[in-house]
Amino acid sequence: MGPSRIREDTRQLRAARPTVTGNGVVSAAAYGKPSRVRAARWRDAGLGYALSLPALLWILTITLYPIVYNLWLSVHETGPLLQAPTFAGLRHYSAILKEAEFWKSLERTVIWTVGSLSATLLPGLGLALLLNQDFPGARLIRTWILLPWMFPIVVVAMIWVWLLEPTVGVANYALRIAGLTSQPVVFLSVDWAMVTVILTNAWRWIPFVAVNVLAALMNVPRELEDAAKVDGAGYWQRFRFVALPEILPAIGVLSLVLLMWFFNMFPLIWLITRGGPADATTILPVAIYKTGFELFLWGPSAALGVILFLFVAAMTGVYLTIIARYRIGAGGQW
Amino acid sequence: MKLDERAIKLGPTRREFLKAAATSAVGLGLLRLGWGSGAHGAPVGPRDLVLWHWETPPHRVTAYDRLLERFRQETGIVIRQVPIAFPEYHTKILTAAPARTLPDLIFVNPPQFMLLLSNDLAVPLDDMFAELHGKVRFFSPYRDYEFQGKQWGVPLFGVSWPLTYRRDLHLAAGFVGAPATWGDLLSRAEKMHGPDLPGFTLPISTKGNYGNQVVWGFLRTNGARIVVGAPGKEKVVFNSRETIETYKFLVELARFTGPGAETADWASTELLVRTGRVQTLIYTGSPIGDIADKNPDLARRYAQAPVPRPSREHKHANTGYARAAMITRDAQRRGTVAAAKEWLRWITQPENNAEFLLANPGLFMPVNHEVVKAKIWLGHPFNREYKPIVHALTEAMKHISVQGFEDGARSPKAAAIEGSFMTARVLQRIVLEKEPVEQAVAWGHREYEKILGS
Amino acid sequence: MVTWRKVTPVLLAVATALITLVWVFPIYWGLITSIKSLPEIMSATPTFYPRTFTLENYAAVLFGSKYVLYLRNSLSVASMVVALTLIIGATTAFALARLRFPGREWIGLLILFVYLFPGILLIVPLYQIMVRLGLYNTLVGIALTHILFTLPFSVWYLRVFFASIPAELDELAQIEGASRLHVLGRVYLPLSLPALAVVAIFAFVVSWNEYMFALILVADDSLYTLSVGIAAWVHHYTVDWGQLMSAAMLTIVPSLIFFGVLGGFFVRGLAEGAVKG
């Protein structure tokens, strides 16, 4: 049975399935008279605001002040204890943008983000597909795979630093007795540090991605799967036409949130390398921390922060429009 | 598609309801616990004080608890210690200063001292200091806490970074005693360098302060400086003949360092010392103190000596810190200054001071002449058995140097100068990024100027 | 003949082995380190199977430090965070998914706002706000800070989940006389058990492990949480690996218990496959 036929069938079935309309509005039939419909709509709106505004207001108040504060700080010069602020105009911004180090940090941040996203999303998806099967141990892994993600970052960083230590670390020891290397492998050298931190970060987040996608996978309607099987679809075809559209919303949310988190991520890299060696892993958040909390240059640090914020906002905006355009959402609603 | 009517009638089953209820009950109980257990920010009454420090490892905290408890029993004054991890120390000061919630007593190194001083957050301790100095005769680095003719901090304990080496391995290679000059060090490192054991464990790292501390020690033996001048008028003098000479020496020395030098920090280096994977390095006595009872055989093979100098004519110098206690202006506001001073008098009594130092044997060293004679100090098992090491560490306390305070300088930006790890960064540029020495040093010089805001 | 059918079990076995190695080994390593004696930990050749066994590391952590106090604080904060995240998150998500009001999409986007920031930029201003609100040096203040980080993801995740539930259920329920909130409570929540479990675990773990704000927002260590306590140990000269690992293991135990309790809902929900089965 050809792919086009399978696609057609599943599309028909999906269309037959009641999906949420753009507004989730309950049909008038439920209410009867038009006036009652209007009243119901007003009640809905009121309730909608009442339920969603607390979260929004709390989050906005707590984030608006820092934005304003950092904007203010970025155009001032202060002492190490934030005392004696003097207006500095856009001096910090121009100094930063002229510095080669800044552009290198930005480049590293992009490499880090893209690298981390690929190293996390793709294997995470694969792991979810794997765990969706039935095989000995599947249930056990399904339940406990989140365990590594639950460890405090400090501990994760310490364990990995120790495992990868060139002289007394287990990784090197294992490589040596397996006969694969004779020289100690320095995982955190200037050339390899970025790769190592990307992989360590992926180690932490792959289970999280996998579990989220798995939850969505298990929600895939059985009869769609069965219909596709009847049509003669193989595993990958079933995945493409049945499962994938169902899990795209979950993947969409995950990738959006991870994009923002990774771009802004600070603790893991800081704990493993402090941005080193030789600034090989100094991404923008690390630079912001160093400038503020180690050099006590609060104005420039805030300016870097504003620049980073604008960058992330822009990228997120672009990403959102891409997602929205492809209507990744149950029935087109997002 | 047929709708599942069950879905609508679906509410919690009885079992689920009970589980949910139990969980909520537990949760609410915990909430109640959390709600009420906020501790008060400021202490109450002039005999209830707060002390900040960064000696966070549990055994030090326990040792301090014992001491503070004894003080309380003798005087009725309560001092609550708040251990704060060093990276957050500055942030805590930063956030507490405008809120006037600084502690009554605070431990500092010279850089934090300048920070508090230049923001008028400390109380001068002249009269009391003169009295104490007469009694215990502090080592000369106490002058680091002197400013504009007044004394602002009472040194209580110190950490020094001399040369640490495996006496037995040096002997096996045909070397007796410790290397005294740069030339000695280099030739020994070359001769003793092997695939399993590096000739000299030189950090080329900016992961933490370690790399910075080692390079600084060598820079000081050659008389090199970062800044010169009175506070507010300091000039950067990093780019100098002495500095360039030192880095040229370090580049040579770097040929004999071990793998992982580029991410070396205190933790990884101590691991190497405790597992016997080093021959010569710059370090405190702390790892030796740690393995003294667990691996005495290895511990006894270590020795310590002054950091090698360019020649025997150069003066001794090494990285080190004399930690002092300061009293803050917030203490003045709260009226706890008298109680704080009483504690300072108590803790500088030789026997108490010795016990205080022994919170971490092998690491904390005396900063005055009387405590070395204290019975508790001399009688402690580690100090008895490792007398030469303790002696070397104590001697090194007389030659300590802190960045921003060299040769009488007093930089208010000392905390940023040290926190930038720039000396190590310059070394990285030379060794890892293959930049010519003069160029890298000039770059470092410009970076320091940026930090100073000039 | 080698068919796909025959190869698959082998591949699955290999994959399982790899998963176990990559994810289980580091944890296994931490665990055996916590029960090894110090000389064995420090020995030049690592031992994959502990030759010595000691509980002194655990004793040192449990009795020699303020572990129990920190644990209590962490539990208080985490339970508040989970409760608040679930309640506010589910209600907000429901509103965004089902109710119609102008500006709905904007509200949804703005909720994500806080993720646009690196956390470090929030430290100083957040501290100032908390002092102003009188929440400095309180566990409640820490909890309210943590929900800033747990809410956005939770709201979005639950919203997507709610959106995938067919709207007819709403209609049917309302025809039977249920109000909107009834629909939320009786229809949506029970059907969303796996998603709610994920959100609860997420909120718990984020709060449990958070350390920057938990440190800055308290004045003395009687309110330190576990992660702050552990971080404090790591940051200094000496790192006793045995103690650190046992502290790590002890820190993770409550997360495990929480996960164990919720894991039941989670797996059950997955197995039942919601309403479309």
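Think of it as A, B and C in the order they're written, each chain with its own count starting at 1.
By our rule, a residue touches a chain if its C-beta (ideal position, glycine included) is under 8 Å from a C-beta of that chain, and two chains touch if they have at least 3 such contacts.
Quick caveat: nothing in here was measured; it's all calculated off a predicted structure.
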Result of counting contacting C-beta pairs for B-C and A-C, higher pair: A-C
Taking each chain's C-alpha mean as its centre, the one farthest from subunit A: B
Mean-CA-position distance for subunit C and subunit B (Å): 34
Centroid spacing, where centroids are CA-atom means, of subunit A and subunit C in whole angstrom: 15
Of all residues in subunit A, the ones touching two or more other chains: 17-18, 82, 162, 168, 223, 293
Residues of subunit B touching at least two other chains: 87, 91, 94, 267, 271, 275, 277
Set of subunit C residues in contact with two or more other chains: 44, 124, 166, 168, 231, 234, 239, 241, 277
Sites on subunit A touched by subunit B in the complex: 16-18, 77, 79-83, 161-162, 165-168, 183-184, 186, 188-190, 193, 223, 273-278, 293-297
Parts of subunit C lying in touch with subunit A, wherever the complex brings them together: 9, 12-13, 15-16, 19, 22-23, 26-27, 29-30, 44-46, 48, 88-89, 91-92, 94-102, 104-105, 107, 109-122, 124-126, 128-129, 144-145, 147-148, 151-153, 155-157, 160, 163-168, 170-171, 174-175, 180-181, 194-195, 198, 201, 205, 208-209, 211-212, 226-227, 230-231, 234, 239, 241, 244-245, 248, 251-252, 255-256, 259, 263, 266-267, 270-271, 273-274, 276-277
Sites on subunit B touched by subunit A in the complex: 1, 87, 90-91, 93-94, 97-98, 115, 118-119, 204-208, 258-260, 262-263, 265, 267-268, 271-272, 275, 277, 412-413, 415-416, 419-421, 425, 428-429, 432-433, 450-451, 453
Subunit C contact footprint on subunit B (complex, rising order): 3-5, 7-8, 10-12, 23, 26-27, 30-31, 33-35, 37-42, 50, 54-59, 61-62, 80, 82-88, 91-92, 94-96, 99, 101, 266-267, 270-271, 274-277, 284, 286-287, 290-291, 294-295, 360, 363
Subunit A residues touching subunit C - in the complex, by the definition given at the top: 17-21, 23-27, 29-31, 41, 43-56, 58-63, 65-67, 69-70, 82, 127, 130, 133, 135-137, 139, 141-143, 145-156, 158-160, 162-163, 168-170, 173, 203, 207, 211-212, 214-215, 218-219, 221-223, 246, 249-250, 252-253, 256-257, 260-261, 264-267, 284-285, 288-289, 292-293, 302, 305, 308-309, 312-313, 316, 320, 329-330, 333-334
